[in-house]
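Right, I'll just put the structure down here and ask away after.
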Amino acid sequence: MVGYGFMGAAHSQGWRVAPRFFDLPATPTMDILVGRNAEAVSAAADKWGWAETATDWREVIARDDVDVIDIVTPGDSHAEIAIAALEAGKHVLCEKPLANSVEEARLMADAAAHAAERGVYAMVGFTYRRVPAATFARDLVAAGRLGEIYQVRASYLQDWLIDPEAPLAWRLQKHLAGSGALGDIGAHAVDLAQYVTGSSLASVSGTIDTIIRERPLAENAHGLSATASTERGEVTVDDIALFTGRFESGVLGSFEATRFSTGRKNALRLEVSGSKGALSFDLENLNSLEFYDATLPAGTQGFSTIQVTEPEHPYIAAWWPAGHTLGYEHGFAHQAKDFVEAVAAGSQPTPSFADGLQVQQVLAAVESSSDSGSAWTNVTDQK
Amino acid sequence: MVGYGFMGAAHSQGWRVAPRFFDLPATPTMDILVGRNAEAVSAAADKWGWAETATDWREVIARDDVDVIDIVTPGDSHAEIAIAALEAGKHVLCEKPLANSVEEARLMADAAAHAAERGVYAMVGFTYRRVPAATFARDLVAAGRLGEIYQVRASYLQDWLIDPEAPLAWRLQKHLAGSGALGDIGAHAVDLAQYVTGSSLASVSGTIDTIIRERPLAENAHGLSATASTERGEVTVDDIALFTGRFESGVLGSFEATRFSTGRKNALRLEVSGSKGALSFDLENLNSLEFYDATLPAGTQGFSTIQVTEPEHPYIAAWWPAGHTLGYEHGFAHQAKDFVEAVAAGSQPTPSFADGLQVQQVLAAVESSSDSGSAWTNVTDQK
Amino acid sequence: MVGYGFMGAAHSQGWRVAPRFFDLPATPTMDILVGRNAEAVSAAADKWGWAETATDWREVIARDDVDVIDIVTPGDSHAEIAIAALEAGKHVLCEKPLANSVEEARLMADAAAHAAERGVYAMVGFTYRRVPAATFARDLVAAGRLGEIYQVRASYLQDWLIDPEAPLAWRLQKHLAGSGALGDIGAHAVDLAQYVTGSSLASVSGTIDTIIRERPLAENAHGLSATASTERGEVTVDDIALFTGRFESGVLGSFEATRFSTGRKNALRLEVSGSKGALSFDLENLNSLEFYDATLPAGTQGFSTIQVTEPEHPYIAAWWPAGHTLGYEHGFAHQAKDFVEAVAAGSQPTPSFADGLQVQQVLAAVESSSDSGSAWTNVTDQK
Amino acid sequence: MVGYGFMGAAHSQGWRVAPRFFDLPATPTMDILVGRNAEAVSAAADKWGWAETATDWREVIARDDVDVIDIVTPGDSHAEIAIAALEAGKHVLCEKPLANSVEEARLMADAAAHAAERGVYAMVGFTYRRVPAATFARDLVAAGRLGEIYQVRASYLQDWLIDPEAPLAWRLQKHLAGSGALGDIGAHAVDLAQYVTGSSLASVSGTIDTIIRERPLAENAHGLSATASTERGEVTVDDIALFTGRFESGVLGSFEATRFSTGRKNALRLEVSGSKGALSFDLENLNSLEFYDATLPAGTQGFSTIQVTEPEHPYIAAWWPAGHTLGYEHGFAHQAKDFVEAVAAGSQPTPSFADGLQVQQVLAAVESSSDSGSAWTNVTDQK
């Protein structure tokens, strides 16, 4: 695994736990943790239980005893590592967003397509698909329980930037983070909406905005926290992104990504309405799904809170008895399981790098639309 | 109408509004408001729109142009007025509790039974039965949608006494109020549970308790409010009543009435569980009913929040278009409607005085059980 | 009162009930109900309790014993009646939307401005402002409890058109209804968002769409219901309107109005986020308001469900004891009260016709933006 | 670790994960899994990652390289293993209920008290205390945020027995399971209520009942599932337990444990009300806590949904960034952490065996009360 930030902890937990609950066709081993800072990576490896460490990912890719490269570095290094790994015949799991630009993402998708022809597979890490309630939502739509889809509402609401004196972290600087709320959390909303409905966004009209344009410079940054300096700098990414999307199916969807929704901590929400029903999901209550069945007799229709903790639900049978809840990190175990199963079966895991590219194009189209006065912008035109 | 307190306002609103929305077989007119204080009753009559006032209910009962007596006085005068009115051939609507003792309630029930033989009817005002969601809950049980009933949970939670320095109002003195939380709000929980399940309580085991045993004496009391004196007096009614009941059907139910449930303003709650489903009602959200259908396929079962605001639901078609909510007072309009319809049809309105007597017996059985160390106590043994 | 549809019933209830609960400086009397069909208007007058009827509103306006004209006719007749009434020196309460076009609305606003100089006042009926929880939301914002406003989310979700075979009612035909979801329910979302935040929308970028473009022709239409014919016709209004708005304050808001949100019956929702707090309102639970206080110590912050049923809350003290809920129609009583009080005091009631015109301009700007590929469009440019 | 059922998986996950997130003074290693069936225990050890297996716990206790014995066997073997392990100088973690009888529990508590004098510690596994929201609830009470406690409501609601044709599993037979809903889930409600309030139950009055008294015999039972035979047998444990308890503090609490609450999957609920506030917890939504602060200004009081996912909350800082949820199993990691920390510090971990004994006495008192017509029964009298 290359990288050892927050996502490193999450992926480690996924690899560690998946084989303890699922019967996998191959047992993943946590071999080598890679990072540039030898001391820090060694400490992380000890903490998370990786057997070895390395400071140069190129050497790791060259090793014969390595089958899988898991990339959890910042987005600007994804393309280089992933393409090299695929060319070296390693299966790749790469954290989202696939890259910091459509151009890089396209190179990665191309590399993945070529590798797949040789039986080497790549997957991008939109783990929220693998929250059981989200997977179950997709199953309901796919089974026709919502009928013809009428409209979609997707949002990802956080509030960790509402204090105007919060320091100018790297995530608020475009040259480092690529994008703000749009790419960091909006990407999840886009992937989830497309995944659950089974339809891709064709075009968008949007607005992105920066609410607090200047913040104190950060000092002593480590991880997500930092202290504020007396000097101030410009926030160069978006704080909020609002857009309307037209799916290939013709359906309209509204999208919102914001870090200024006071009181919402991690609210990835999706509502899908159709001729036969509707569903509503909120990551803050990830063990349940709201489902409205419009085919029930009038008078007894209502949004049902389904506890998605029963053996009939995706992934659940492997865990605890009915009614026992899962948490945020379980999606990473499900991701590890699905990745291992697909690769062992010689099949393409999803979401593929092509899927990751398409999400990147949606984000680029939103930025482009915002730059041109919210004009409708085609997703596939993004280069 | 005899009496002009809070219930006077509610009953007035019921009489005023019912004929404007429902097509009634007879149109009630708001003729005479009766109260001992001529000045106060006159002000109330002006405010609420009563045509005349009187200070002696006996004179009103004697009038030929009066068909219905509505009694909203404190419980200690119910028996005398109601029995006299029934003997005078007037139909009677009497606010709950039917009386302050089982003995009085029995006299009233007997008088009502005799009157009914002559086509003169009496009804007691448990209006919460007529909240559409509560009526609909009964309909679901009656239609077998819950299957065999397994258990019942009923509570009425308020918090208006949590301040230990709140003054010793008349409702906290046994010689005036008869009972505390048990009679005032527990009675509603008992009636609702029996009504929805269609089964009566046969025996109970309970405990009543006074949490704050001494309070400042009240000064300048008017209505529900008063100011505190420096002298203190004893609280002689219960603050909380907890009991377990066995229904005639054999089912167990848990009951709770309290004015010390901090943060709960008016939470009359009922949950009924059965072999085929369950329901959950809360008066604080009176426009909805939670319904769980255990006959749906596993995986899609969940508590549904039914908005009980559709034309298919009880009473709703007469009001507003689908989705528009009702409030507390609408139960009084439904009560007026049901009373007028039953009387006009020459049939017994429900709940009858006999039903009111039975609730009184349940309350008496709880007090008796509490006095004897929570021993199980038969309801019908209460005299 | 001119008109006797659904809004006629609601306004009648407002006039009937307001003086029974509020101490008004003048007591409104329900004198004359006006409608073109003598028989139908007479039946409505009997039902709702109006003393007289008339078939020509011009005659009523000419009467000396009439002080107030309440207009609840379809939007296409508002301008003519309101302007004539104001010129005749009658105070006017006019149901929303103010008119079917910006042009007419402007004429009305001008007439109202002139009349106000003579002490004759006009008001437009956005009653949802007067739901206590909505009024209280405004109070919290005005008191600075949310700090600097960061963003707004407003939607009005209904589902009564999800059946593609529902007939082509008059509300689905542009020449009759003027607009679809946008004008009918989106107008409420716009007014509520502007009212609560105290800031007006300056520009918008939006998309309106018709999901079901053809429906069976309606036969035997009466009121909101009709039966379906075998012939089909075109739906010429929007089914869904999605737009982003920029307030004068610079804040961004997202707006959605739809009749295709399966399972949502009457969900007028508003969320406002600011530096010190946030609030969330939903008309389906109109007795409560969610409030997040970001100034509380970390760890105990959370969205509070405030039961807006306490004497400290707007309008509540006049109704029932704490904890007893109100319904949809109470907003009309509050409207009647506020109108009477303002007029009696010789002051302008709100929202004024100018406010109604501004909402009309917002709606026109959304349609214009949608026509021009969602380009940002100034509200005040709408003529 | 002795035992390898459902609790074996949960404890394994706790030991595996705790050192990866918490900095522990000693790192637990998963050495030996013990079970009578060599083949089955070997499979479980492979699955869960235990290094060795053994079939005789006595041999394991005798080993010098073993410091801790974790007991997850059925309750009837707890006493023998735990006492032997403590005498052998091993620290013991024992799953709840501590034993199947008060007598055995007392022997265990005595053994633990003697061992503690020698620096050898024992702990019983009420893990729900270690759900962060539950721990935080205790902290709020301990900090006086609820003021004087007025009353308690605790329940544990499940529904896995509502089908009368569900087979007669071992948990429904008294000679195997000891008790039904009372001991299995009621014990958790008792522990949680006592833990959060910091007060022990002094006496109880209760009723236990068996709703379905006869069921098909089970065939081919493995784990929690089995198939039904055509023969029927008697259910000898309780399906439902309802009791009222008086705490040492004088406060009354209502308790309910049931497997017949249709639609409730795993609803361990606790409400505590006090003079300054209230709280409400539900294990089905274990990442949040409802808190009502009665010291806030009137008008803005309400139950707040606190997302207990912030670094200020117990245990959370070690896991994920703010807003990311935990699941059922995290309590076991917290238990492992707290146990290791206490033992390493030479201090008594909680809950101790004495605490476990006291819960056992409460359960015995409930059964005794039920047998004597719900008479009030002292907890400490239970032998």
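In this document, chain identifiers A, B, C and D correspond to the written order of the chains, with residue numbering beginning at 1 in each.
The rule is simple: a contact is a pair of C-beta atoms (placed from the backbone, for glycine too) under 8 Å apart; a residue touches a chain by one contact, two chains touch by 3 or more.
Labels paired with UniProt names: A, B, C, D = Gfo/Idh/MocA family oxidoreductase.
Everything numeric in this text was worked out from a predicted model, so none of it was measured.
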With chain centres defined as mean CA positions, report which chain is farthest from chain A.
B
Using the touch rule from the top, work out which pair, C-D or A-D, shares more C-beta pairs.
A-D
Roughly how far is chain B from chain D, going centre to centre by Cα mean, in whole Å?
41
As a quick test, compute the distance in whole Å between the mean CA positions of chain A and chain D.
36
Quick check: how many Å separate the C-alpha centres of chain C and chain D?
54
Pull out every residue in chain B that's touching 2 or more other chains.
301-303, 307, 310
For the complex, give me every residue of chain B touching chain C.
6, 9-10, 12-13, 16-17, 20-21, 47-49, 158, 160, 224, 265-266, 283-287, 307, 309-310, 320-330
In the complex, chain B residues that touch chain A:
136, 140, 145, 288, 291, 293, 298-307, 310, 312-313
Under the touch definition given earlier, write down the residues of chain A that touch chain C in their complex.
146, 150-151, 153, 159, 162-164, 205, 207, 209, 211, 240, 242, 244, 252, 254, 256, 258, 260-263, 271, 273-275, 277-278, 292, 294, 301-303, 373-376
